[in-house]
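In the two assemblies presented below, subunit A is common to both, partnered first by subunit B and then by subunit C.
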Partner chain A sequence: MDVWSYIWAGMLAVFAGPEALAVFDIGISITLVMVIFGFLLGIVVGAIPGLGGPTAMAIALPILISVFGFAPDALLPVMGCLIGIMKGATIGGAVPAILFNTPGTPDSYMTTLDGYPMAQRGQAKKALRIAHFSSASGDTFSDVVLIVCAPFLALLVEAHLDLPEKTALLILSLSFVAAAVGGSVGKGLIATGLGLLAASVGTGEDFYPRLSLGAAALNRGFPIATSVLGVLIVGGVFHQMTQIAADRMRQSVPTPIPQETNGRLTWADRRALMPVIARSAVIGTVIGALPGIGSTLAASIGYTTAKARYAMRKGIPEFGQGAPQGVAATEAANSSVSGANMIPVLSLGIPGNTAAVFLILAAESIGGFAPGPSVFRFTTDSVNPELVIAFGLFTCMFVANLLNWTIGGIFMRSLGFLVRVPKQRLLPVVLVVTLTAVYVQDPRMEVIWFTLGFGVLGFGMRLVSMSPLPFVIAFILGGRLEDSARQAFAATGGDPWFLLTHPLAAAFVALSVLIVFIGVRSGRA
Partner chain B sequence: MTSILSSLCMAAALAAAAATANASDWIPPGPIKMLIGFHAGGGADTQARFIAEELEKRHGWAVIPKQVTGKGGLNLAAALKSAPADGTVIGIAVTETFGYNMAAAPNAGMTPTDFTGLTTTAGFQMGVVSLREKGWSTIEDAFAEAEGGAQLRFGVMSPRLADIAYLLGKANGVAFNIVEVRGGRAVLDGVNAGDLDLGFMAGIQSNGVAAGDLVNLASALSEPLKQTPEAPTFADLGMSFNSDGQFVFVAPAGLPGDVQKALASAISDVVSDPETEAGQLIAKAFGGPVVVTGDALQAQMAADYVAARELLLAASQ
Partner chain C sequence: MVFGLLCVAVWIPLDTDSGLVEQVRRRVSVGDALAPMLAACLVLLGGILTAVFLPDTTDTHHAVPGAVSFGAKMLGVLVIGFLIALYAGPIAVAVYNIAQAEPLEYRLVSASLPWKYIGFGLGGTFAIAGCIAIAEGRLHWRAILIGLVAVLGMVVVFDLPFDDLLLPPNGDY
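On to the complex of A and B.
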């Protein structure tokens, strides 16, 4: 098969896969239906403060696997739905940010700075249209970069990196995540270390169940779903519950502000916004491609860059006072992360942010698709099914993108009422659904205790302002790091210095140390 | 060895025929939990799930597949050992789990006598494989390159195969850098990427060999490979050990004889039927069904356990 045949096969896998329903005798595939469903669900959860894309992905994943099973043809519907949620949540988060000064997702916090002042001036509809237009533009740009870059990066890695270099690359990724996520390098390193420790329990090549302390329940290690959902979701729920208890006296239900009926965005408006959108899209894409730093930082940098650029311009409101450029800069930056963060996932198997963690989790749970450099092997004499799935995923991303341009705007503008959904009722539901979903996937009572235990850990990490993301990424990469190091050691004839005797590996290790060093220095400064 | 296998297969076929009537008579006391000792999505897992679906279709049993992976099947064996011996919990692993892996892990406290063998389903077309572009036509060429000073990386997917690769090198005066990876797919990927020079592959190489990209350098079995019968067997290379083995369904020890026969005949009927999805997959990926049941299977599991101790002893010297 040549490259075009693979692209075509990927598109066919999405559009001509198993049929879910027919409209006017035209069959619509189950994957397409799941992308649409995921996208609309993503906008809804994005518009509910306190939920957000990762929570929805976490809850949806086990349910989707229960419905679609473990067969390889489940991959595209399940991952398509998750991609839809990921993209939908980003634009959904802007709705309460603009209408009620309450960010639906953390990455839409900067949207409140100018979006809400616009709403106070009666321009909420226009602000929502700007958010949507910027978001869809950034998303499209990012997807194009993904499709162009991911295969080349994968081929480059496969062609030039040997086992010692691959081990060093994993160490570099973990160092980067530890140093870049959260405010403190020390806390990042502790979270990474804890993740590697948890990943070591019950695993390894030896037949003896390592670090199990003689407990039969630990012989099989911690299932990946218990640690990821426990630390990210259950820990988050515990933390938010305590915050609600603290804020109860101060909580008030936001009231809508009267709005102009005409909130049209003219072509002239769009043209005027294009430079700021383009700049933020590039910023978001570059940041999205780096592991560990996600859409919230992209939004902040996109906003501050635009603010610096437009500070002296006359004829537009000041940033923070309702500048359309402020909304556009934030939304273009945070939306352009979603495509680019798939670059390290698909080409290296390294998850860059929380949403990518769930895509890796889906691939690992279902099987038949192991994200990494081997996916992009363009075999000509036989079909590489993983490559077909990769192009199927690209197709799903473009379908979600198309939905963003078409129905996304109309749908998001109708969801202002969701800000009234009370968190104190929502969070227990999220907790119960998460625990049920974990149990359904692996029906043992131990998994509930593991999940709650990791939840307590996640809660504790939040209490001391330690980001749980390095823990989760280290847990996912821990097994690969160990395998890769063992293999490199064996392949080099038992050379214990293999990380230092191979120049590129040594350069990666030096870079890892440098990143941590710079992080510590800048933290002190 | 070939004649022994043929006798075993014939005995198994007779046993299966005698037991056929029992499969339709037996009614499980509840849903059957099918533990799968392989990671989701691979050929082995797909085979198990196809069998589960076909058993439901043919007999109306509720069969619930469940992944219990890790430790070379010992996690599955531990879960199975403590399960009720009434036919409601069965597991699929490889014979290596009940032979080498149990012998190598005495602390696990399990031997083949703790289990009732139900039936094997398929063997492995295990070859030693390299890329065609290496320029090797048999493993003797690889030996020659290693003797010339090249450090060759040999990919294996289990400790047993690592021992066999070590002894293969030792018997032929060369030392390989033996790299253990997770599963045959990882060996194939490693060989394709150039991370490994050669490695064991248990059937996954068939498309690449047919296309001319890969070469079966040797058969790691006691008999020639079906796809490359001219490749030397390990016995030809001075090895007294080989990688013979099969996928095997097992239940806890103490399973009543009628339940054992019912389950064994039901499963062997599915895998032997070329019209079923399981039968087609086995024919395509694993070289066709290999069905050994009843006492013959129990004897084979016990013999593997003894042979594994010999392998461990030889590899430790």
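On to the complex of A and C.
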């Protein structure tokens, strides 16, 4: 098969896959239905403060796997739905941010700075349209970059990196995540070390499952869902509930502000916003392509850059006082992360952010698709099914993108009422649903206790301003890192210095040390 | 830092079969202790960097007063809720058996109504209502109603459409 045949096969897998329903005798595939469903669900959860994409993905994953099973056919519907949720949640988060000064998702915090003042001036509809237009533009740009870059990066890695270099690349990724994410390098290293340690429990090559304390429950190690959902979702809910209780925030019903009836966004408005959207889209895409740095930082940098650029301009409101450019800069930046963060996932198998973690979790749970450089082997004599899936995923992203441009705006503008959902009543439900979802996947009570234990760990991390993301990424990559190191050690004839005797591997290791050193020097340890 | 030291000095050496590297005849291979040892060293290094060199003085902005006790209460409610889920079904069967000539065994009836939902219904409702009550500072009938409706929703989503999925605690019996 040539390249075009693979692309075509990927598109066919999405559009001509198993049929879910027919409209006017035209069959609509189940994957397409799941992308649409995921996208709309994503907008809804994004519009509810306190939920967000990762929570919805966490709850949806076991249900999706139950529905579609573990066959390779399940990959596209399940991952398509998750991609839809990921993309929908980003635009949904702007709704409460603009209408009620309450960010629906953390990455839409900067949207409140100018979106809410616009709403107070009666321009909420216009602000929502700007948010949607910027978000869809950034998303499209990011997807294009993903499709162009991911295969080339993967081919480069596969062609030039051997086992020692791949081991060093994983070390570099973990160092980068540890140094760049969260409060400080020191805390990042602690979180990474704990993640690797947790991944070691009950595994290994000896007959005795290491670090199991002789307990039968630990013999099989910690299931990946318990650590990911525990640290990210349970820990996050605990932390949010703590804040709610401290504020005794009874979710007073916000009073709607009278709005202008005409909130249209003219072509002149769009043209005026394009430079700021383009700049933020590039910022978001670059940041999204780096492992561990999420959309919140992209939004902050996009906003700050635009603010610096427009500080001296006359004729537009000041940033923070209802500048349309402020809304556009934030939304374009945070939305352009979603496509780019798939670059390290698909080309290297390294999750870039929380949403990507769930995509890897889905791939690992279902099987038949191992994200990494081997996915992009363009075999000509036989079909590489993983490559067809990869192009199917690209197609799903563009379908979600198309939905974003067409129905996304109308749907998001109708969801302002969701801000009234009281968080303190919703989050306990999310908590028990998450624990039930973990049990349903692995029906033994130990997984509940493990998840709660990891939840306590995630809660504690948040209390000391330690990001839980390095822990989760280290947990996911821990097994691969060890396997890769064992193989590299064996392949080099037991050379203990294999990371330093191969030039590229040595360069990666040196870069890892340098990143940590720079982090310490910059006073963030 | 203390945890890292404990791992390096006590837990890993005592709880792994092989060392850092293993030599069997002439073949040298990586032992099971190496990966966790390096992980523990990272924890230790991170601890040293955080505690000794440049302690972060701004790290309390995420903490709220009483957070630990609040978290402990939430955890307590959830643990009790899932313990209720684990034992309520067998206890209900035991109570039912008092008046029965032929006693039932929970393991055998855990897939049938009403037994299969007793534990999850009671435990799940308790956990949700309890967490809401902790956050609101009072127990309102609405919290119990939300718990019941949520449990019903989970039964509809996870249990009714699938024969192969088990709600807590039925996989343990």
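Heads up, the rule we're going with is that the second predicted complex is superposed on the first by the 519 of 525 C-alpha atoms of A that agree within 3 Å, B and C clash if a C-alpha of one lies under 4 Å from a C-alpha of the other, contacts with A are read in each partner's own complex, and residues count from 1 in each chain.
The rule is simple: contacts are C-beta pairs under 8 Å (C-beta built on N, C-alpha and C of every residue); 3 or more make two chains touch, one makes a residue touch a chain.
None of the values given here were measured: they were computed from a predicted structure.
Of the two partner chains placed by superposition, subunit B and subunit C are both touched by A:Tyr208.
Once chain A of one complex is fitted onto chain A of the other, the partner contacts of A:Ile366 are limited to subunit B, with no touch recorded for subunit C. By the touch criterion defined above, A:Pro503 reaches neither subunit B nor subunit C. In the superposition on chain A, contact is made by A:Ala490 with both subunit B and subunit C.
With both complexes placed on chain A, subunit A has more residues touched by C than by the other of subunit B and subunit C. With both structures placed on the common chain, the touch criterion links A:Gln424 to subunit C but leaves subunit B unconnected. Note: residues 205, 207-208, 443, 486, 490, 494 of subunit A belong to the subunit B contact set and to the subunit C contact set alike, using the contact criterion stated above. Note for the complex: subunit B touches subunit A at residues 39-42, 45-46, 49, 65-72, 74-75, 78, 101, 104-105, 107-108, 151, 153, 159, 177-182, 185, 189, 192-193, 195-196, 207-208, 211-213. In the complex of the two chains, the subunit C residues touching subunit A come out as 4, 7, 11-12, 15-18, 21, 27-30, 32-33, 35-36, 38-51, 53-54, 56, 58-68, 70-71, 74-75, 78-79, 81-82, 86, 120, 124, 127-132, 134-137, 142-143, 146-147, 150-151, 154, 157-158, 161-162, 164-172.
Residue ranges on subunit A touching subunit C, taken from their complex, read 62-63, 66-67, 178, 183-197, 200, 204-208, 210-214, 238-239, 241-246, 248, 250, 424-425, 427-429, 431-433, 435-437, 439-440, 443-445, 448, 452, 455-456, 459, 462-465, 478, 481-482, 485-486, 489-490, 494, 496, 520, 523-525. Taken in their complex, subunit A has these residues touching subunit B: 70-72, 158, 162-163, 202-203, 205, 207-209, 216, 219-221, 365-370, 373-374, 377, 381-382, 443, 483, 486-487, 490-494.
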